[in-house]
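This report concerns only the one structure given below.
All chains are identified by letter, namely A, B and C, in their written order; residue positions are counted from 1 within each chain.
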Amino acid sequence: MSENTIISFENVSKSYSDGTQVLKDVSFELERGKFYTLLGPSGCGKTTILRLIAGFMEPTEGDIFFNGKKINKVPANERQVNTVFQDYALFPHLNVFENVAFGLRIQKVAEAEIKQRVEEALKFVNLAGYGVREIPEMSGGQRQRVAIARAIVNDPEIILLDEPLSALDLKLRTEMQYELRELQQRLGKTFIFVTHDQEEALAMSDEIFVLNEGNIQQSGTPVDIYDEPINRFVADFIGESNIISGIMVRDFVVSMNGQEFECVDQGLNPNEKVDVVVRPEDLELTSVEKGKLVVTVDSQLFRGVHYELSTYDEAGNEWLVHSLKQADVGAKIGLDFDPEAIHIMRLNETEEDFDKRLESYGAESDEK
Amino acid sequence: MERISKGAKFYLAFVMIILYAPIFFLIFYSFNSGDSMVNFESFTLDHYKAVFEDDRLLIILINTIIVALLSALFSTIIGTLGAIGIASMRNRKLRNTMLSMNNVLIVSPDVIIGASFLILFTMVGIKLGFTSVLLGHIAFSIPIVVIMVLPKLQEMNNSLIDAARDLGASKRDILTRVIIPYIKPGIFAGFFMALTYSLDDFAVTFFVTGNGFSTLSVEIYSMARAGVSLTVNAISGLVFFVTIILVLGYHFISIRKTKVGVRK
Amino acid sequence: MKNKGSVFSLIPYYAWIILFVIAPILLVGYYSLLDLDGNFTFANYKQFFTSVYLKMTLSSFWYAFLITVFSLLISYPAAYLITRLKHKNLWLILIIIPSWINLLLKTYAFIGIFGNKGPINAFFEKIGLGNQQILFTDFSFIFVSVYIFIPFMILPIFNSLDKLNPALMDAAKDLGASRITTFRRVIIPMTMNGIKAGIQAVFIPALSLFMITRLIAGNKVITLGTAIEQQFLVTQNWGMGSTIAVFLIIIMFIIMFLTGSKEKGDAQYGKNK
């Protein structure tokens, strides 16, 4: 465990009394001062991890460490962690100032210091002067900020955010994404953000943990996860992708529907069954003759920045294409792409093996 | 909104008149200088004076108010704690059982409550009088308080308690700084209902009171059995006046509360 | 909602349940098996099944039934009309205020109103009907009871009507239902829980009223409530009084069971939680 590790999970499992297991043997380490996102569909266990860190739950098995100390049984009110709740959980009977001051009053901080720290925190979230407002008078975005101020005023080491943007409309949500990211950088504290929105995760995080069914599927920087998803679930969950079953004929050659394509992957067993991912934006429209693939355009939607084409190849696989150029619906067209656009996923590969394989590519291409 | 027809308005007005006529009839004759509810002779405040000059009646009035205030206070404390207990029950079945137990006294007819409490107090050896009446009133007010407080507790979001714990609150802090302030409107409503139930009760008091202790209801009953007395009319006038004030007060408190709540 | 209250704070509440909910019912059951001298006997039950008591029970039921029906017939349209008014909550308060005036006072008013020289008889004489005996009749008993119970019937019905989504009535109209069909097929079934609650709030007390019968009906009408009061406080036969009470409790549970609202219905409109 390095100096910089603030939270670590060792083989943590969580089951409820009715037998449902929501976390299955999860281990990871989080470093101080980073913005982490736990990403996954509902029921994947992301909120459970958050509640375990906050202290609202105890793990069934395994240990949780905070700054190297085991905290399995430390109650929530004694942890250096504060949470921004999904519904904000602002106390309706207290005004904005008192909501933010709640934690300080519990700690019996002197009145003058409370005043100073609360005002500072409110200023931090751009709510200076809003102290006397009642909670029902505040808009959704403002309540969000109050909730954040209430968490940061206690100067915790970690701030947990449980889908805090989900109740806001799209425009406000995007704004808050910038603000949160900026806030985290100014504070320099560890943020752990839970969301099911992949765009949010990609935009804000230093590192993303993708979860599904109680397991961590993959962790890494947004770019890593987007470009090199470990499996079908991650590829599908993060961004839009075309996922086709294929066979790795030999190093650098993959076959889909009997057609062979050049790629950059290697080190797999000859004729191994794999999943092949090609992102829609990596496909380019071209003439039938020039295309590596020939497809028929089934439908076309204008998405503002690009056209989204739904096309089918002769074998009946759907290929989603994001293109700046328009195509004619019903026409046959060619699709072109670089060998790098192809990403090969082994079936049932562990994250460890996956990382090793990717690293080996890097080593060899460096040698070249 | 559809306009309602003339006939409908007439019907509503008729119901209203029926509901209020007897009350105003009583109050009207309370100003009668005669001694019956038959001929209105001339205006007088003598009967009101009589109420305030009758020491016995005043003592009964004070007894009634003391019993009402004390029973409302105790039942509010016990009932609020009980409601918090019921709300915190995880086991659905157990919670529903507790709720049914709670509601037994609400649906029980007064006579049954009165008769069974009479047996209870006699068996335990509590002297019939102030103590037995107070205990009886506390007992039948507790479930009403629970019913008034429980919805507030159920409406309270669990994440509020998580948030308080997250901010360092101990169990005691959570109770005094979050739960109690949040359910305060329910507690007030419960106290208020307990007060009115106690003031209004006749049957239970009638059963469990002994010689020498009486409340207003019981006194009115014995006066009314003895025949018409315009002192009772004067009491009606006073009761009506106090009731209206209480209703208006309660109404404005609850309106203020919901106004803040609605904008959420 | 775990950790909300500690065990100690609940002790008074549990003590209350044991002392004032469970114990009284058990005591009533126990006393119903005792004779005047405190010996164990079934005589009270035997006596209850004689014609005198059965007749009284039946007549008490009949009066309670009439009181409930009349209250419902008057209250439902009133509740319905109030929901259509602009200031419906104000009107509702106006309906409820009389229910807060002491019961005894309201009953007492009718001694004057229905009296031999009261305004009703004065009116009768004016239109040539002559002086009538109104007080101490079945009519006066039922009238006063209905008068007292109307607010208790209106309140639950108003609440269930008020919760109705107006779009449902538009939907019924849209689907071709006439006003009467909408009322019969949509409004009545959907406010059934309110009606049941109202019936429960009226029928059980109507069975057990005793001071109205004493003040207004003389001793002509005897309800189960009057009989219990008579046995406990006049003849001091607690055993017989408890036996009648046992039957009243059983009837109460049956009625609660019959008029108990199904949770499903409540959940559908969400508000009851």
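What we mean here is this: a residue touches a chain if its C-beta (ideal position, glycine included) is under 8 Å from a C-beta of that chain, and two chains touch if they have at least 3 such contacts.
Just so we're on the same page, UniProt names per chain: A = Spermidine/putrescine import ATP-binding protein PotA; B = ABC-type spermidine/putrescine transport system permease subunit II; C = ABC-type spermidine/putrescine transport system permease subunit I.
Since we're looking at a predicted model, the values are computed, not measured.
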Those chains which touch chain C and also touch chain A: B
Centroid comparison with chain A (C-alpha atoms), farthest chain: C
Could you tell me which pair, B-C or A-B, is linked by more C-beta pairs in contact? B-C
Please list the single chain whose C-alpha centre lies closest to the global protein C-alpha centre. B
Just the number, please: Cα centre separation of chain A and chain C in whole Å. 60
On a C-alpha centroid basis, what's the spacing between chain A and chain B, in Å? 56
If you average the CA atoms of chain B and of chain C, how many Å lie between those two points? 17
For a test of understanding, state which residues of chain C touch chain B in their complex under the given definition. 1-6, 9-10, 12-13, 16-17, 19-25, 27-28, 31, 74, 77-78, 81-82, 84-86, 91, 93-98, 100-113, 115, 117-119, 147, 150-151, 200, 204-205, 207-208, 210-211, 214-215, 224-225, 228-229, 232-233, 238, 241-242, 245, 248-249, 252, 256, 273
If you look only at chain B, which of its residues touch chain A in the complex? 157, 159-160, 162-170, 173, 177-178, 181-182, 184, 260-264
Note: in the complex, chain B contacts chain C through residues 1-2, 4, 8, 11-12, 15-16, 18-23, 25-26, 29, 36-38, 77-79, 81-82, 84-85, 87-88, 90, 98, 101-102, 104-105, 107-113, 115-120, 123, 139, 142, 151, 153-155, 158, 161, 171, 174-175, 179, 196, 199-200, 202-203, 206-207, 216-217, 220-221, 224-225, 228, 232, 235-236, 239-240, 243-244, 246-247, 251
Can you check the complex and tell me which residues of chain A touch chain B? 54-56, 75-78, 81-83, 85-87, 89-94, 102-103, 105-107, 134-137, 150, 154
